[in-house]
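Each of the next two complexes has chain A plus one other chain: chain B in the first, chain C in the second.
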Partner chain A sequence: MSLDAKIVLLGSQGVGKTSFVVRYVRNTFQQGNASTIGASFLAKKVMIDDYVVRLQIWDTAGQERFRSMAPMYYRSATCGILCYDITSEASFKAMHSWLLELKENVDSGLMIHIVGTKLDLVNADPSKREVPFETCVAYASKYLSSGGEDGFDGSEACHEISAKDDEGVEEVFEVITRKLIEKRRMIEDNYQEQQARRQTIYVHNDEPEVKSGCC
Partner chain B sequence: MTTGPGNGANGSSNTLKSQFDGIIKDPANSLYSIRPNSARPSRKSTSSPISSTDHLDDETKSNAELEEINSRYSRIARFKKILQATNVDLNDLKRLAWSGIPEELRPMSWQLLLGYLPTNAERRVSTLARKRKEYLDGVSQAFSSGLDQVMWHQISIDVPRTNPHIKLYGFESTQRALERILYLWAIRHPASGYVQGINDLVTPFFQTFLSAYIDGDPETCDPGTLPKSVLDVVEADSFWCLTKLLDGIQDNYIHAQPGIQRQVAELRDLTQRIDAQLFKHLQEENVEFMQFSFRWMNCLLMREVSVKNTIRMWDTYLAEGSDGFSKFHVYVCAAFLVKWSPAILRMDFQEVMMFLQALPTKDWDEKNIELLLSEAFMWQSLFKNASAHLR
Partner chain C sequence: MSWIEMNPTDVGNSIFTEKGPLSATKHNFKISSIETAYRLNDLELLQTLAKSRKGLVNNELRRKVWPVLLGLSSPDVSVVSSKLDIAATDLDKERQDNVRPVDKLDIYGHGRGGIDSEKDSAADGDSEKGDNQPDDRSTETVSIQDEAQSPTASQFPSEGVSSLSLDSQLKSPLESDSELVSQVISSYSLACPECKDKDQVKLDVDRSFVFYPQDPPKELAVKLLNVICTVLADNPDLCYYQGYHDIAQVILLVHETDLYSHTPPDPQVYKILEAISLQMLRDFMTPGLSPALLHLDFIPLIVTLEDAYLGELIRNNPPYYALSAVLTLFSHHVHSLEEISVVFDYIIASQNMAMPIYMYIALIISQKAVLKKAASDPDNIHSILSTIADDFDGDLFDQVLKPASKLAEKYPLSNFKEQHGKLSEYSVLKATLRDDNSSETVFAREHSKSVLHLQAEECKEQMKLEKQRQEVEAEERRRAAEKNKIVKKSKASTRANKSASTSALLLGRMMVIPVGHRKLIIPRSLLGLSICIGVIGVIASGYKYDTQFSWFKFFTRS
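Entry: the complex of A and B
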């Protein structure tokens, strides 16, 4: 079975969105990537269980000026990854406006994950951390749970990574991909169930009609 | 050639020109010292640089090489004739510059074509002195009052990732100069402010103006080794010329970037007319022009071709006049896109996107750029002003 997933990365300028996704797709790291203009496109094919998943990733530009272009990329997305730099509280706060924008413009089915970057800097010097992981989890619990799922635990949607040290990168996409497969399965199951139910209802509905015709 | 110093790679081969003081005052002072056989080796050349500029090693030169030197000499002579006039005729200069400016004459020619350097020889020295002082005063004023932190943050994280593969841009003194140029420009243009990509656009100026003062390749030069007087004028001239360039494409960088929206629409339109098959294929694969050509407009193709190739392109853009960077550029983009048509036609969405983001232009030299420019010229002659009734 195959599945196409469109993922869009959003977040402030310089948090390392490109480094993150380039590490995932090409397994390389380069200090000082040229800034992303507009957006750049990357793709990767992964096998999970019996699914072949084609990930199409839009790595958007972080600068405010390019923001008017973002809808072109997130409108058709199945998953949004909001990125912030764990050594910059400002970048964490800036993420909120992205979340609001997504909620306003995209239907509630969009899966959202939050990724804190530059974990290597904090590993080397813990005093550099400006955003505790718990803050992110609390944020996710508060704002991402409105999808209606009961007992939503924000930590499911929060990650911290280092593109430089290749820490946690693979995991983000694996979690997302598994969730997307799960979702697909549920939709398929639902569909089959509905089909079955529809037939039952059909049979059920037939009776009064027959009756009314009779009376 | 046996006379090359052979140390071109380590950057120490750049030496300050002895007459730098004169060139600072008036770039026309560089004209007297240009010799036809002092050509810097083209970057494609595998031979070592000519170090002794005063004698020709006839035995080792082929006829073709001699012919090239001859044509270069007559070209330089024609430029010199225009540039040494009391009143430079800009139309004459444009006519010549379209096909490329010899690198020794480029700094002065660009400054004239941009309207930064006065065409009247008598006004040059005083105008330059005044503009450079104005820049330095502007900088010290901008940095003595409180910085616009948001703007400064954006600039200071982009400068270290500007042309990261070129040595020149890794040096401390280059990076500090670019920061000052970009910051001063940004705070003086609040409607756009600093927009990513403008950092790319300053670099052709910076290295071209730097080249006026050194022998050797500016891309390996550490400006920190040069006298402050040289660095200051390179920086100030770069600032003013960047300002002139951006004046012409301001609407590329203001809110919603209407200039870029328009250019992308024009490119789409042009492509449909030039290569209907390609256009149809892109449509069927759901490739949006905005997705790949936004960057072509925002960075004037600087992410697609090298800085050296960009510099050659700008000779022609500047010769095209005030709308070279906004109108002619779109024709260049169209010529650029249809170049890859045979490859693109065989690709699906994913492949097209990947391909267009990393086009195989690494080995492009001046010849490739000149072909591209002449193709663009042809499309422009065919379609300019024709859009309304052909639609």
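Entry: the complex of A and C
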């Protein structure tokens, strides 16, 4: 079975969105990636269970000026990855406006994950960290929870990665892909269930007609 | 000298646009042609030569000819554009003053002379302060580079201070020379206050020189930052966009004779970048993005006319795929300085800012086979269109530049009335440099300066309207959502009613009759029957009202 998924990366400029995607798709890292203008596109096929998943990853530009283009990329997306730099609190705060924008413009079906970048900097010098992981988890459980009854505690949507040291990059996309497959399965199950239900309803529908004829 | 008697345009066309690379003889001939045309100040011939294979051939010629093509160094221009020239001579003077070894780094910090003189006096009077200032600047250099030590940084003793921002460095001389310095500070922070351009420029400059030159020296980034900030500060209406640094980078490199020198960039770099910004890029440098997007909308229109099949293929993809190529005049995608310089020669010489659009269209047409292969998968089409400029490895001149000119002749933008009408009156697509008439060139230059502010204001106004429109839309959406909720609720309640009535039906049309505190549920048919009996009873009792059981007698009478 095959599955197409459109993933869009959003976040402030210079947090390392391109490095993150390039590490995942091409498994390379370059210290100074050229800035992204508008948006750039990368695709990767992955096999998980019986599914061939084609990930279309849209890497957007961080500059505020290109923000007006973003809806075109996130509107039809299945997953949004919000990126911030764990050594910059400002980038974490800036992420909030992206989240609000997504909530405003996209229906609740959009999956949202939060990725903190540049973990290598903190590994080398812990004092550089400006955003503790707990802050991110608390944030996620506050803003990403769908209602609380599904046992969502925020941590499953939060990741910290280093594109430079290739740490945690693969995992982010694996988690997302697995979730997408799960979602697809649920939709399929639902569909089958619905088909079955439709048949029973059809039987019910017959009855009044017979009765009315009788009266 | 028979070649001089030929029509110069024909020479350029016939010899330098043939297929294949230029031979050594042609190469040399081209150089001498360009030099002759430059000496004769023949703009038309220079344009033709710049638009032929290999463009202006080398950077030395580019440095000479670009100002002519941009209308900067023609004798007529100097009078009209006195303001810019005065500013430029001031800059020159300041930079000449700067060449003293201690001050070499100053230009990287701010590019203005005022501080240098102050710093000298500070260095004379207070040696500690004098030591600290260049040190601050050296750390600025380091912070821009962030990796490794720059050779300039090692000239200064202590490197402890690393968190000083450019502004804070500039504050120290403020004490004695407040006017000049505050001017510098304000001009930096005023570059484009609402988009905090300087921080953005720094970020991008940090990520410049990715493809060329090899092993870029650290000074280059500092020079680039300075060049961009100076132009932005001089023209507060210009807003920086990501990609502008790619263009500035090419201009800087064309003018850098010695990459490792510590001398400030050639003053001409500022003039060229400013002229290109005002005359060619100003639509992209408005406060918002929409004027730039209007450029792109021509792409599908022209592709459809040129090739209906391709037009159909790309119809569903909004032309955002061309954004980075058009915005950076292809400098974001062409990974060789030599090739991108030729592209710049071409665009500058054609004096038509629609050229990048036509170039992109030519690029799409050249990749028809690849697109055709992907025709079955619309998502794939999108990805091919988005990476088309990166993946191109054909001959730029034959497959992109030459066809672009043909397209430009065949489909002038003004043919597309509806789309053309959407352009601002101040758009570069409506008032780019025109043809070979130098007076018109002057007009366009002056024009660009004067319309810049109007264009920015217009864009701001549009953005405001757009924002209002979006707010209204959001409000409508919110209302619709609420309405939806209500409808859903009422639907749910009708559904509940329905199910209730169905159950009533299933119960055999029961009736609920309250009897005291209890409820008596009886079938409705029973009630109907009892009513019938009652009515008959009344009739019967009317028939023989005097008898107590008359209705019984009524039945038994016969």
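Operating definition for what follows: the second predicted complex is superposed on the first by the 212 of 215 C-alpha atoms of A that agree within 3 Å, B and C clash if a C-alpha of one lies under 4 Å from a C-alpha of the other, contacts with A are read in each partner's own complex, and residues count from 1 in each chain.
Throughout what follows, a residue touches a chain if its C-beta (ideal position, glycine included) is under 8 Å from a C-beta of that chain, and two chains touch if they have at least 3 such contacts.
This structure is a prediction, so every number in the text was calculated from the model and none was measured.
K.L.:
After the overlay on chain A, what do you see for chain B versus chain C, clash or fit?
P.N.:
Clash.
K.L.:
Check the contacts made with chain A and report whether chain B or chain C touches more of its residues.
P.N.:
Answer, by number of touched residues of chain A: C.
K.L.:
Taking the superposition on A as described, I'd like to know which of chain B and chain C A:153 touches: first, second, both or neither.
P.N.:
neither
K.L.:
Figure out whether A:66 sits in contact with chain B (first) or chain C (second), or with both, or with neither.
P.N.:
Once the two structures are laid over each other on A, A:66 reaches both partners.
K.L.:
Touching A:134, do we find chain B (first), chain C (second), both, or neither?
P.N.:
In the superposition, A:134 touches no partner, neither chain B nor chain C.
K.L.:
Going by the contact rule set out at the top, does A:104 touch chain B (first), chain C (second), both, or neither?
P.N.:
In the superposition, A:104 contacts chain C only.
K.L.:
With the two complexes superposed on chain A, say which partner A:125 touches: chain B (first), chain C (second), both, or neither.
P.N.:
In the superposition, A:125 contacts neither chain B nor chain C.
K.L.:
Would you check which partner chain A:182 touches, where first means chain B only, second means chain C only, and both and neither mean what they say?
P.N.:
neither
K.L.:
So, A:4: does it touch chain B (first), chain C (second), both, or neither?
P.N.:
A:4 contacts chain C only, not chain B.
K.L.:
Which partner does A:34 contact after superposing on A: first (chain B), second (chain C), both, neither?
P.N.:
In the superposed model, A:34 contacts both chain B and chain C.
K.L.:
Of the listed segments of chain C (4-12, 310-318 or 508-516), which one clashes with chain B in the superposed model?
P.N.:
The answer is stretch 310-318.
K.L.:
Which parts of chain A are touched by chain B and by chain C alike?
P.N.:
In chain A, positions 13-14, 32-41, 43, 56, 61, 63, 65-66, 68-69, 72 sit in both the chain B and chain C interfaces.
K.L.:
In the complex of these two chains, what residues of chain C are touching chain A?
P.N.:
Residues 147, 195, 200, 203-204, 206-208, 210-211, 239, 241-243, 245-246, 288-290, 293, 318, 320, 323-324, 327-328, 332, 379, 382-383, 386-387, 474, 502, 505 of chain C touch chain A in their complex.
K.L.:
Under the touch definition given earlier, write down the residues of chain A that touch chain C in their complex.
P.N.:
Contacts found on chain A: 4, 13-14, 30-41, 43, 56, 61-66, 68-69, 72, 104, 208, 211.
K.L.:
Touching chain B in the complex: which residues of chain A?
P.N.:
Chain A residues touching chain B: 13-14, 32-43, 54, 56, 61, 63, 65-66, 68-69, 72.
K.L.:
Flag every residue of chain B that touches chain A in the complex, lowest number first.
P.N.:
Listed in rising order, the residues of chain B that touch chain A are 154, 157-158, 160-164, 192-193, 195-197, 199, 253, 255-257, 288, 290-291, 294-295, 298-299, 303, 350, 353-354, 357.
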